[in-house]
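In the two complexes that follow, subunit A is the common piece, with subunit B as its partner first and subunit C second.
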Partner chain A sequence: MIAGVSTFIVLALIVILVPMAPGWEAVQKSFFNKEVFLKTFPKLLSAFWLDVLIFLWCAPLIAILGLAIALCRDVQSPVLFPLRIFGAVYTDIFRGVPVVLTVYLIGFGIPGLGLPRPYNSPYIWGSVALVLTYSAYVAEIFRSGIESVHKSQRAAASSLGLSNSDVMRYVVLPQAIRRVVPANMNMLIALQKDVALLSFIGPVEIFRQAGVFKSLLANFTPYVGAAVIFLAVTIPATRFADYLLAKQNRERS
Partner chain B sequence: MNTKLSILSGLMLSALMLTPAHAGENKCATGLTVKEGVLTIATGNPAYFPWVIDDAPESGQGFEAAVAYAVAEKMGYDKDKVEWVRASFDQSIQPGPKDFDFNLQQFSITEEREQVVDFSESYYSSPMAVLIRKPTMEAGATATMDSLKTLKWGAGASTTALGFITNDIKPDSDPLLYDDVANVTEALKAGQIDAGLFDLPTALFTSAVLLEDGVVLGQFPAELATNPDQFGLLMSNDNPIKPCVDEGVRRIKEDGTLKRIEAEWLQETTDVPVIQ
Partner chain C sequence: MSKLKIENIVKSFGDVTVLKGLDLIVEQGEMICLIGASGSGKSTLLRSINLLEPIDDGAIWLDGDDISLPGLDPQPVRQKIGIVFQSYNLFPHMSAVENVMLAPRRIHKKSREALRPEIEQLFEKFGLADRMDHYPDQLSGGQQQRVAIVRALAMKPEIMLFDEVTSALDPELVAEVLDVLRTLKAQNMTMILATHEMGFAREAADRVCILHEGEIIEEGKPEEIFSNPKHPRSQAFLKSVL
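And then the complex of A and B:
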């Protein structure tokens, strides 16, 4: 009850006070222009489909590569030590470089080596850049999951005669992956927004389409439209991640 | 050659400045500028050749830098009363007060834009031109509409080129869009696009300087353009300084200054074939 009233008061204050600011009319005209919104929204929505597609083909690749890197970092055999180093260097580099830079460098750089069309497509190399960056993050998440499985379980499984790889496959990973699902949901939400970075190297997805409308109409409303579309997807996804996390906490306690 | 040219143009410019009739005569902008007593002019960051040479508008070198100083002078501001700031397109169209009196960076005048900002009279009118690389030419691209339709197109996202591509060229595949000229050029180099659409001076410069094997395939006849590109000085909406700026542009047109600046900084464009 009290919470309800205070929320209402805050909202009312915003609704009443913001329009009283001297520049409100101008801001409304260039950010919340109904006419522009209606005119551009359908095209933004169809441009968003491209984001969805890029997301759909990147996400599984990220999961696979991320897991592979995480496993690299966990190898026990001294012969395979170079793999550990590779895993560490990989995560350091791709977590350390801003995504946009990776998108630029790989999206323009590798095709610049002289690949013929269609293998020089910005869709391919932009996606590669996203996959490389995100799999570095996801690898660290998987690694934390793998390390959260107590060492005694590995010892127990080994003593039952399971090989190292079987221990990983049947004992550690099933628990590890389940534990990091909420954390990975967060990565998916972040990826879903970062897909828009591909627009820097050519593809006309929602962010670029909004930019085109912006300069055509000299109005920022298309960006608001794009934000609305993103929110329509990310808010349910975030709530779902929260739900998974809460469920997991309940199960553990 | 280059230094000579710039010294020469510097001299010409100072000669203009010294013409006694103008300085101080026309004070139509007094009290209306952002900063009292000076005219604040904005341009892009970075500003590109041949519009501004070496990204240094203060030198007055380059077509737009020279135009800016000439207009300022007609408005009664000597060279030392002009200050430069940088402002992107977005900063220029956002609501609220601006930190410049006018902004020039090849802004095309369009009806939609005029609802949000003010444009002066046009100071340059440019045909659109097609930039490709030699391999595309060798593969058979010609300056005809039929040939252009088959190319993969790229353009700057905040330019009017996109509308021209989709409405007039109508290519077989969707164009790719980029933030600026540099990125379009990079995509050309990477072979991700076959052709870029620019205003003619930019196309000529890019082909000559940024690309090793660039070719300006052709320019579009002015009557074909659904929207011929007219560049105007951009001002905040309902800016009281507008009549004064317009007057300045009109006067550099009338007395031949603009023609002279154009001849000095913009390459001769008549040898670029017209697209059929």
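And then the complex of A and C:
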């Protein structure tokens, strides 16, 4: 009740006060122009389809590579120690570099090697950049999940005579992956937004399409339209991730 | 030839030496109870026999083969030596029957259908026939521990190790697990138990070993050990628990 009243008052203040700002009319005209919005929105929506496609092929690759890197970091055998180092270096590098930089370096750098068509496509190398960066984060999430499975589970499985790989595959991973579903949902949401970074190296996805309209119409409203489209996807997804997390916390307590 | 021969084994964790040159010989079909205060090395001894803890020195012989050689593949040994833990350690994402079938399926490469009859028999034998498809969190502690025992038995081990398997149970559930142990003894299973159940050790064990600070300070028939302990440490320990 109190929360409701307080929220209402804050909203009312925003609605009343913001339009009183001296620059409001100009801002309204260039950011919240109804005509421009209606005219550009359908095109933006179809450009967003490209974002969705890029997302759809990146996500499974990220899951696979992320899991592989996480497993590299968990190998027990001393012979395979170089794999552990590789996993650690990989996650350090790709988590340490801003995504947009990786997109630039790989998206411009590798086609610059003079690859023939279609292997120089920014779609390919932009996606590769996203996959490399995100799999580093996802690997760390998987690793935390693997480490959260109590070592007594491994001991119990090994004591039955199961091989290390069977212990991982049948006992540790099924428990680990379940635990990190909410965290990985959040990575998916972040990925959906970061697909827009590919606009910097060429693909006319929603962000670039909005930029084109902005130049054409000398109006920023298409960016607002793009934001609305992103929100329409990310807000339900975020709520769903929160729901999963809450459900998991309830189950554990 | 003895079933299991443990010779002068030493195990340290960092600066703490948990097993200090311990010897033990176990004959086929014997039930041995290890008793002693917490931290006396009972659990570590059992985990060493199952090769879950590599030993620093000494040797462990199973049917005359040294199983403690460094670099030896532990899997075939573990298939012969089952172990059950205090905390059950069932796999929470699998039903009871899946818990039991996992190792035989993967190691003996048998299908669920082929395994079903013998596994069903095991469940029935230990009063768990109606609990096969339950998940661990739907079972009582006593039931979980019995499933854990069935899981180890499904690999048809030659020796069973029990690490304080009743310590986590509510008192009224202890009996059902001890009954399982009696059944196994009746089948002539070779067993080593770390236990705080003095009454059970006295009644069922063929031999009782008292551990103190990583050594067996006294061993013998239960009636001798319990009624007439020789070592002053044994006397002190038994006085404190009986």
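Points worth noting:
Simple rule for what comes next: the second predicted complex is superposed on the first by the 253 of 253 C-alpha atoms of A that agree within 3 Å, B and C clash if a C-alpha of one lies under 4 Å from a C-alpha of the other, contacts with A are read in each partner's own complex, and residues count from 1 in each chain.
Quick note on the criterion: a residue touches a chain if its C-beta (ideal position, glycine included) is under 8 Å from a C-beta of that chain, and two chains touch if they have at least 3 such contacts.
Note that this is a predicted model, so its numbers are computed, not measured.
In the superposition on chain A, A:27 contacts subunit B only, with no contact to subunit C. In the superposition on chain A, contact is made by A:156 with subunit C only, not with subunit B. Within the superposed three-chain model, A:175 lies in touch with subunit C and out of touch with subunit B [touch as defined at top].
In the overlay built on the shared chain, the residue A:108 is in contact with subunit B alone; subunit C does not reach it. Considering which of subunit B and subunit C touches more of subunit A, the answer is B. In the superposed pair of complexes, A:214 makes contact with subunit B only, with no contact to subunit C. Applying the stated contact rule after C-alpha superposition, one finds that A:117 touches subunit B and leaves subunit C untouched.
Contact with subunit B, but none with subunit C, is seen for A:203 once the two complexes are overlaid on the shared chain.
Considering their complex, residues 23, 26-27, 29-31, 108, 111-112, 114-117, 120-122, 199-204, 208, 211-212, 214-220 of subunit A touch subunit B. Residues 89-90, 93-96, 110, 112-113, 115-117, 152, 154, 157-160, 162-163, 174-179, 183, 186-187, 189-193 of subunit B are the ones that touch subunit A when the two sit in their complex. Contact residues of subunit C toward subunit A in the complex are 47, 50, 52, 74-76, 78-79, 82-83, 85, 87, 89-93, 102-103, 106-107, 148, 151-152, 155. Contact residues of subunit A toward subunit C in the complex are 152-153, 155-163, 166, 170-171, 174-175, 178.
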